[in-house]
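Shared between the two complexes below is chain A, which has chain B as its partner in the first and chain C in the second.
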Partner chain A sequence: MFAKIEKNQALTLGLIAALFLVYAYTTSLPRITDFIIFCIFVMGFDLLYGHMGQLSFGHMLYLGAGAYGCGMFAYHVSPNPFVCILMGILTAAGLAALLGQVVVKTGGAAFALLNLALNEVGAYLVLSPMHRITGGEDGLSLFFQSYGFINFGDSVFRFYFCLAVLLLVAFLLLRLVRSPFGNLLKAIKEDEVRARFLGYNTYLYKYVTFIISGAVCGLAGALTSVNLAYCNTSLIAPTRNVEVIFSALIGGAGSVMGAVVGGTAYMTISNYLAAYIVRWEMFLGIALLFFAFYFRKGIWGYARRA
Partner chain B sequence: MLLSVDNLDIHYGHAQVLHQASMSLTEGELVCVVGRNGAGKTTLLRAIGGFMKPSAGDIVFKGEPMSGLSLEQVAQKGIKYVYQDKRVFGDLTVRENLELAAYPTGESMDSAIEKLVAIHPKMKKLLDAKAKGLSGGERQILLIGRALVGDPQLLLIDEPTEGLAAIIIGEIVDILLKMKSKITMVVVEQNLATVARLADRIYVMKEGVMAREITQREIIENPSNYEEEL
Partner chain C sequence: MMAEPILSTKGITKRFDGLVAVDGITYEVGDCETSGIIGPNGAGKSTFFNLLTGYHRPSEGQVFFQGREITKVRSYQRVMIGIARTFQLVSVFDTMSVMENMMLARVRQGLEYRSKGRFFFGKLRTRRLEEECFQALETLGIADKAETRTADMSYGEKRELEIAIALSLSPKVLLLDEPFAGLSLVDIGHISEVIKKLRGRFTIVIIEHKISKLMDLVESLCVINEGALVCNGNPQEVICDPTVRECYWGKEDMVCY
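Then we have the complex of A and B:
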């Protein structure tokens, strides 16, 4: 059944919308808005990891770039929320375009660690040398302009706006990964040398994918700033990279739906388990071991085969 | 002259695996390279395909030197490679494998599918099957069909019958015979009965050296004439 749903784009988007609507109205709208934004982040990360086979340990850098691009624009230039979100996306995409020129030339462990190193540098720059414009450790408290019913101070509006953005991103990513471009990414993941021998300049395709991935993560960062009306260094912290990697793994890497399931599962565990168990991270570790040994295709991967 | 390889030296680290290997190819020929395991056959093929950089010597294709070209540039020049291990892009369907090959060459999908079906009509039923589910023989046919997309001028085929059942070997040889004279091919092969059926000329390799070139039809057709040299 799930395999059939995944093949049909409208059904996939409908399922995602239904999942979040039911979850939001049975729990808490603001909390599920956080979940939705995190899922966008996982989808951006998984484009690189699940679809192209490049594991990054430093994608918090692009979430942070989006968050600060949006936040700094709102704080220093204009509180127009749409322009701020656009600035967040452009900041992250621009940074990915700059760093990707070097990063994409590497692969495997070097790719993962180089991204982590750049994330560390980015977090340091935000915290210290750039503290006058980033707010340093204190971060930035933000205000966004309202235009009639477009009011980002309203949690209901924020929920529906973020859900609409998630559906749009999912739609675009589904189109992308099912196009010849997406097939080439799968080929690069399986065997890059052979993809090159079909006549493709794989560096170019990897570079473009890196920028798209950075831009989607930046969008998630910008939405986080708008949602919290705040941005601080936790949004660029390298130690938080494990969250997105974990989510992609438990959801099922290489699938847009898997990213949504993984992101939601991770946020559910980290939000609700923490209320009952002090050291909840230990259970997260045990869950990860369980998935690594018995459910390597992730929740969605197995649901799809059932 | 379509291809000429002159005095090619190849090293793996400090170990030299090809010693001044030379060969040439005219348009429409099917040349087989034979030799024992480790003789340097695949290394020679990989060097022509641009996978390995020679430490000395020249590879000239259609009058242009190939040294310094990237893999994609070699492919764009019209050289295609069919790998020994029969690995296709398993997560893609047969159709998507062809599409991937067709896209950079500008060839239409209909024409790409037609080429595959022309060499093996049964593949028509498998177009929407995942390539990882194909048998070894079907994978080999897909690899050959995929290599034909874009009308390459030179096909490099590494051990096309290795690991296949006898009946499938017959089918692969028939396919290569069908393609013969329409496209220039270099085939690395250890099965001498296959070589005898396919080859216009044979290069015998021994310990990284091009030991002998066989051009006479009567010698090619009787493998006992050269199997002792392997």
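Then we have the complex of A and C:
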């Protein structure tokens, strides 16, 4: 049943929208808005990890670039929310385009660790040398202009806006992974040399994927700073990379739907379990072991085959 | 009489640290000719192929294609100008279906996907593309497997698929690296038939270390031993050449074909 849903694009998007609506109205709207934004982040990360097969330990850098690109523009230049979000995406994509030239040439462990190192550098730059414009440890409190019903101060509007963005991103990514390009990504994941001998400049396509992934993560970052109306260093903290990797794993890497399921599952655990169990991370660790040993394909990976 | 060479090398050498894998080979193959390369294990045949296809950069020497020097042309660009290859260990994409494998190759050649929009956001499967791929699979006789997952195919079928993929790259030169290695007799017969069918349409170069399988397939034969080209010419003559026989079979006598 799930496999059929996944094949039909409209059905997939409809299902995502319906589930988030039900979830939001049975719990709390602002909380589910966080979930949705996190799912966008996981989708951006998973394009690189699940679809192209490159694990990055430093994607918080692009989330942070998006958040600070958006936040700093709002704080210093103009509070127009749409321009701010666009600036966030451009900052992250630009950073990915710059760093990607070095990072994409590596692979495997070097790729993961180089990203982590760059993330550390980025977090440090934001915290200390650039504190005059980034607000350093205090971060920036933001204000966004409202235009009639487009009011980012209203949590209901934020929820629907983020949900619409999630659906748009999911739509575009579904198109992307089912195109000839998506087919090529699968091929690169399996055997890059072979793909090159079919006439593809694999380096170029990996670079493009890295930029797209960075841009999607940047979008998630920009939405975070719009949603929270502030940005601070926790949005670029390298230690939080675990969250996104874990989400991709439990959801099922290599599937757009899996990213949404994983993001939601992770956020549910971390939000609700934390209310009852103080050291909830321990249970997360045990769950991760369980997934790594018995459920490699993640929740969605198994649901799809059932 | 040899036709105008389509692919040639001039004094090509590849060193890996101290080891000289390919030692100053000057080789040429004519347009639409079918040529074989033989040599014992570790002779440098595959390294020579890797130099032709751009997988390795030569330490010295040059590669020419249709009269143009391509020594510095990258591997994926060489594919686009018409040099296709298969690998010694069959390499198709196991996680994809047969059709997806074919499409991956065909899309790069198909004109309709040259536009970026179609490539990134268009559908993978179009009717025209499917038909083209289907035809290529029919040439190899595996059209009925189109929707099978590649991982579920036998080794022989994978080899056939790999050749079908190489064919859909519209090659001018097809380089087959040990196409018979690890195959059953039935599969070997099948692939020989396919090669016979393709002969004359474009240049084919086949690496093999069992000479007998090549004798009725190729028009010219060259022998590589310890990285150097020992002999090149008509298969009958090559096989009777004393130096060839010495390096290939040792000093034992062997009856000429």
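The rule we apply is simple: the second predicted complex is superposed on the first by the 306 of 306 C-alpha atoms of A that agree within 3 Å, B and C clash if a C-alpha of one lies under 4 Å from a C-alpha of the other, contacts with A are read in each partner's own complex, and residues count from 1 in each chain.
Everything below uses one rule, namely that contacts are C-beta pairs under 8 Å (C-beta built on N, C-alpha and C of every residue); 3 or more make two chains touch, one makes a residue touch a chain.
These figures come from a predicted structure and were not determined experimentally.
Undergrad: Aligned on chain A, chain B and chain C: do they clash or fit?
TA: clash
Undergrad: Looking at chain A, does chain C or chain B touch more of its residues?
TA: Looking at chain A, the partner in contact with more of its residues is C.
Undergrad: After the superposition on A, what does A:Leu176 contact: first (chain B), second (chain C), both or neither?
TA: The second partner, chain C, only.
Undergrad: Once the structures are superposed on A, label A:Thr239 by its partner contacts, choosing first (chain B), second (chain C), both or neither.
TA: neither
Undergrad: For chain A, which residues belong to both interfaces, chain B and chain C?
TA: After superposing on chain A, chain A residues 180, 183-184, 186-187, 189-191, 193-202 contact both chain B and chain C.
Undergrad: Please output the residues of chain B touching chain A within their complex, sorted ascending.
TA: Against chain A, the touching part of chain B is residues 49-51, 70-72, 74-76, 80-81, 83, 87, 89-92, 96, 99-101, 103-105, 146, 150.
Undergrad: Would you pull the chain A residues touching chain B in the complex into a rising list?
TA: 180, 183-184, 186-187, 189-191, 193-202
Undergrad: Which residues, counting only chain A, touch chain C once they are in their complex?
TA: 172, 175-176, 178-184, 186-187, 189-191, 193-202
Undergrad: Would you mind writing out the residues of chain C in touch with chain A in their complex?
TA: For chain C paired with chain A, touching residues are 53, 55, 74-77, 79-80, 84-85, 87, 91-96, 100, 103-105, 107-109, 113, 118-124, 165, 169.
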